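Okay, handing you the structure first.
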Amino acid sequence: MSSNTDFEPKIIAFVCNWCTYAGADLTGTSRLKYATNVKIVRFPCTGRIDFLLLLKSFAQGADGVIVSGCHPNDCHYTSGNFHARRRWIAFRSVLDLMGVDIRRIQYSWVSAAEGSKWADLVNNTVADIRALGPYAEYQKVADYLEKEGYNEEA
Amino acid sequence: MSKIGVFICHCGENISATVDVERVAREIGGMEGVAHAIDYKYMCSDPGQTFIKEAVKKYGLDGVVVGACSPRMHEPTFRRACAEAGLNPYLCEMANLREHCSWVHEKSEETTEKAIDLVKMLVEKVKKNKPLDSIKVPVTKKALVIGGGIAGIQASLDIANTGHKVILVERDPSIGGHMSQLSETFPTLDCSQCILTPRMVEVAQHPNIKLYTYAELESLEGFIGNFKAKIRLKAKSVNYSTCTGCGACIQKCPVKKIPSEFNAGLGTRTAIYVPFPQAVPNKPVIDRVNCNYYKRGACKICEKTCQVGSIEWDKEDEIITEEVGAVVLATGFDVKGTDFFPEYGYGQYKDVLTGLQFERLASASGPTFGEIRRPSDGAVPKKIVFIACAGSRDPAKGIPYCSKICCMYTAKHAMLYQHKVHDGESTVFYMDIRAGGKNYEEFVRRAIEEDTVNYVRGRVARVYEKNGKLIVKGVDTLLGGEQVEIEADMVVLATAGVANCGSEQLAQKLHVSYDPYHFFAEAHPKLKPVETNTAGIYLAGACQAPKDIPETVGMASGAAVKVAALFSNDELVREPVVAVVNRLAPPLYSTCVGCFMCETACPYNAIEHEEIKGRDGSLIRNSARVNQGLCQGCGTCVAFCRSKSIDIQGYTNEQVYAEVMSLLND
Amino acid sequence: MKIGFYPGCSLTGSSREYNESVVAVAKALDIELIEINDWNCCGATAAHAMNEELSLSLPARIMAMAEKQGLTEVVVPCAACYNRLKVTQHELEDDTKRSRVIDILKMPYQGSSRIINVLQLLEMYGAENIKAKITRPFAHKVACYYGCLLVRPHSILKFDRVEDPQSMDTMIKMVGGTTLDWAFKTECCGAGFSVSRTDLVAKLSGNILKDAADRGAEALIVACPMCQSNLDMRRGAINKTLETPSDIPVIYITQAIGLALGLSAQELGLKRHFVTVEL
Amino acid sequence: MKKLRERAAELLSQGVVSLVLGYEEGTKRPRPLFCRNSVNAEKLIFDSRCIHNLAVYITKKELVGKERFAVTAPISTLRSIMQLFVENQLNEEKLLVLTVDLNGELREFTTFDEIAAYVAQFELKRGEREQELLSKIEGMTREERWKFWMEEMSHCFKCYACRSACPLCYCSKCVVEVNRPQWINPWPAPLANMEWHINRAMHMVGRCTACGACGDACPIGIPIDLITRKMMEDMAPEFGYIPGQPAKQGNALSTWKLDDREQFIR
């Protein structure tokens, strides 16, 4: 683990527009600081977040992923987060069965009022992923042949 | 190849202080498909917007990315600018360089690199954006106001006076709310009833207002401009069209010992009752929980008394449906009871009161006709202690916020007490005196200086009863932490203002957000204080946070203007962020195979079955179709679709895929 | 009915009568108390303020010993010990603290034993039995004094109401007594200054006694050796602070119950008090 | 078996159905028989070796909605048929389902409810092979599982036989054929293989009835049926359904409960 001190994890956050995106906005308005490693992709709702996007993130070199939306009962669309929660239960189970490292996906509920929770979530996740090290295991698989294919396509 | 224009904002120094904006513009300018990239001090300013408009024309841009603040702030601004320059507004996206980057990171290489990545991500997204047309929906020009306190009354009157219909729903048998319970109001000490009741009557008589008392919202479906509200009219057991409101039934009702809600439990009422003499409507309802007939099957004295035969024993709750275009939430607040305070006796001491109970004691229409008397023995208290911040500003009690009105009403209570009991002695224990407001500070000074109220800065640790007195043990923190012990005859707790009971359930029915204390959440703490995150639903008064009467009335008028503005057009333009099921050329017609998983997933019942038929009329396949009027654009269906046959405009699979890829492909 | 038993040092020294009455009442109610082997001090005295690791390790060892003996429930009559054990159990829910303490103890600790005080013991396992076995109703008007350690901090102990507890009152009413509604149930008796500032102890304990006396209490009922010794042993000093000297006896809840069950003053250790008990 | 042949011949000759989908003897094991006349009905067999899941054919556009046909279905096929009903893929009026019960009696079903009542008697259990392999996998650490599957997947050459054999893979355009964006590359490569199988498992959550057809179809014997089977077993208690008993209450993934587990959510 000592070799990971220089390692800057790449983390993508998939968040819903109404709660977590707004919560992260509040983190900004409150001028709370957090690590630069996380980049946010905005979705209308956690219900929109396709599990394939999470897989593609790891394939493309992400070391960790954050998925966050509204707390139960707070969904702007009533139940998108409940659907998402179920999908995540199943997805975690599939990944774990296949031996994918599910510690690298951090799920969370961050409301529009929880600016400081967002900062903590980012900082904690960055620390966790840093401790886990780069997700070389998955990226090694991704690099094989896949690069060729990608270039061809491009 | 795309021709995308990128505009990086300094936001004064808000972004440029930590992000090297020039480098961002330079590097993005080198990206494939980017035709033009600049940075400027204030992109949202008039000259800033002009830069965008000119660039759209000059370079023939087919996409715009503005790297500035949160899209939740200025997306509409920049999209409008693009539209004015002739570019489809949905080809404009924002990269959040302020809230998600410059404000949360220190100035560093990494911060600038993150900013570049964020802009890149949106450039890649915009490349996949498609021009979209706004969806136009008709607006039902009728408003629903929930809650008939001063906020609901004011909002209803203001909307009604613009010429639009209003439906006002009140849970209790009368409108009036907490304001009708108050004795006098700060800072002028004018009688609350005197200023409120004329407005209550105006509501009842207004041709544009339909009042439903003793009614609650059952459910709300639909969306801005097109809500469908189901309202439960609770059975009053009295026929209002024949009842004359003579009150004979009330006189004769044998069940007389029910604690009166209006008097905050200090007085009693009958089972058939009008909450207070000035009630609107001034006709009784039967409280079925306490009525002898409903409890035991016998009595019916009121029926015998009623000369017009208005009692309806078998009346059942009725549910009506109203179509409305906007909703104003004005459900108000509640105060904690004395039983919330273990240290002040768990509510077991009769002479420990809440501020609201003291209002009733001080009110001329109250149980003691305005004389301050102890509930326990009816004696006039000679020594009275007021405890401010009872529960409020106390994280240990789960109420870290300031209830805002207590400092003022406590000063008023002490003043009223001194006016009524000339030889009385009053003490106020306070944490800070918060008297911000026109003539407020002067009012408190008057209490202290003219009415000689003894203000002690400190907390009260304990109140207990001994020999008919209430022993108040506190501390005076201004005099070196001296312990203070007062033998009082009455203690009044300025208990915390909290969200009204049922507010959480109501919020969930309406799909509006609420804060950790169950107060409804405004869309923006400063700039959108009366809107909620749900379009078409507005807030008025203390259901958003504790507030005093002037502020409540101001907010109610604000909400009314929002509703009037919405109703000023026949059609409402909606964002085209909706789901679409693909349609293809024959023989495929659509890749949708009609498993209808999306149908169970949709929270809005927006998925319809469509039979795709060939030229000969034979059924080719069943496919899903989205009702664009009902779809709210959550996209849950999209993530469920195995064959990717359904997609959501504005967040298409191609767009989000491109975003994710751009973040990782170096 | 078998249950673990941690007497602690007070019960073997200054509060022997508490021990005697707990054991006698348990026996009368067919509860078998199994003393924890080789138990040690809970650290209630100085340790908990001076050294965090020590303050957690001492009670943790007691509970680890209990676990080793397979005791799933342990009754701790002394309120101070009860408080220390409960607080430690709570603190050790934290993984880092727990592993540190296990490291110090060199023994496994799960935190699985349930720690209960005497009132809980009587409530859970004795109530029905007590009702059936009352031979001499405890027909006295008494003031139940809980002190601070039994109910605070409420967030951890989760026992009874913090400002106006009721469990002892319920128990006394069950054996035929009447209880005062009074204000000093959880006021401080001054035990923290028991040695260093006896003048303060006298004043604080005096306030308690005075209110009980004013309201006509025949006795004070306690469940804490510290409270008992302050109110009883220091009565001389206390009386100097009071206008009217008080001769109200201070007895343990187990003694009151024991009397109702017909146990003798001798068995219950009632002769050991400084203020004569004639009930 | 005799009764089945007689009934099939009867159905065909009377014109009740125009096709009976069943099994006949093959070179090594029984193979599907598309029986369109009563003479051919003599070839029909039905025994424990008939495991080919014929439900895979009944959603084909050549059959669906055009004619009324019968299908002979052992218990695993019945489960697939039920799930297809749940997913609105079948028309009760155009389908007749035949099976032979444990007593050798011929049973006929025309509705979902009739099948459901019959299938309810049978509990879905792991077979010896599944038990052995799954307990081996369950005993592995995460790293071992990853290695195990990577090794297995490295043989996959993306023939998509698993997809073709599965009665529930009836999409007219599979996600690997979607190219805007190209979520999963269609050719064989370690990543594309892994993504395909994870994707297949996710698409099967709450739907798979563990007929095992995908595993049987795999030409190189990757135990891919275990992935969807294990998911079915694990998710059933989680989402409150009975494995192998599809119910018309909406798909497990597109419904939810307020108290769904969420301790993994921070």
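Quick notes on this one:
Letters A, B, C and D name the chains as they come in the text, with residue numbers starting at 1 for each one.
The rule is short, and it goes like this: contacts are C-beta pairs under 8 Å (C-beta built on N, C-alpha and C of every residue); 3 or more make two chains touch, one makes a residue touch a chain.
Every value quoted in this text rests on a predicted model; they were computed, and no experiment measured them.
If you take subunit B and subunit D together, the chains in touch with both are A. When the C-beta pairs in contact are tallied for A-D and for B-C, the bigger tally goes to A-D.
Here the CA centre of subunit A is 32 Å from the CA centre of subunit B. Note on chain placement: the centre of subunit B and the centre of subunit C lie 50 Å apart, centres being C-alpha means.
Between subunit C and subunit D, the centres computed from C-alpha atoms are 67 Å apart.
The set of subunit A residues touching two or more other chains comprises 51, 56, 79, 83, 87. Among all residues of subunit D, those that touch two or more other chains are 175, 183, 253-255. Every pair of chains meeting the touch criterion is listed here: A-B, A-D, B-C, B-D. Chain contact summary for the complex, subunit D toward subunit B: residues 65, 87-89, 170-175, 178, 180-181, 183, 203, 250-251, 253-255.
Residues of subunit A that touch subunit B in their complex: 8, 10, 12, 17-19, 21-22, 24-29, 31-34, 36, 39-45, 47-51, 53, 56-57, 60-62, 73-80, 83-84, 87, 111-113, 119. Residue ranges of subunit B in contact with subunit D, taken from their complex: 588, 591, 593-598, 600-601, 619, 622, 640, 642-645, 653-654, 657-658.
Of all residues in subunit B, only 70-73, 96, 98-100, 103-106, 108, 110-111, 113-114, 117-118, 121, 504, 508, 511, 513-516, 521, 533-534, 577, 601, 603-604, 632-636, 638-640, 648, 650-651, 653, 656-657, 659-661, 663-666 touch subunit A in the complex they form.
Contact residues of subunit D toward subunit A in the complex are 137, 140, 142-150, 175, 182-185, 187, 189-192, 194-195, 197-199, 201-202, 205-206, 227, 230-231, 234-235, 238-239, 252-258, 260-262, 264-266.
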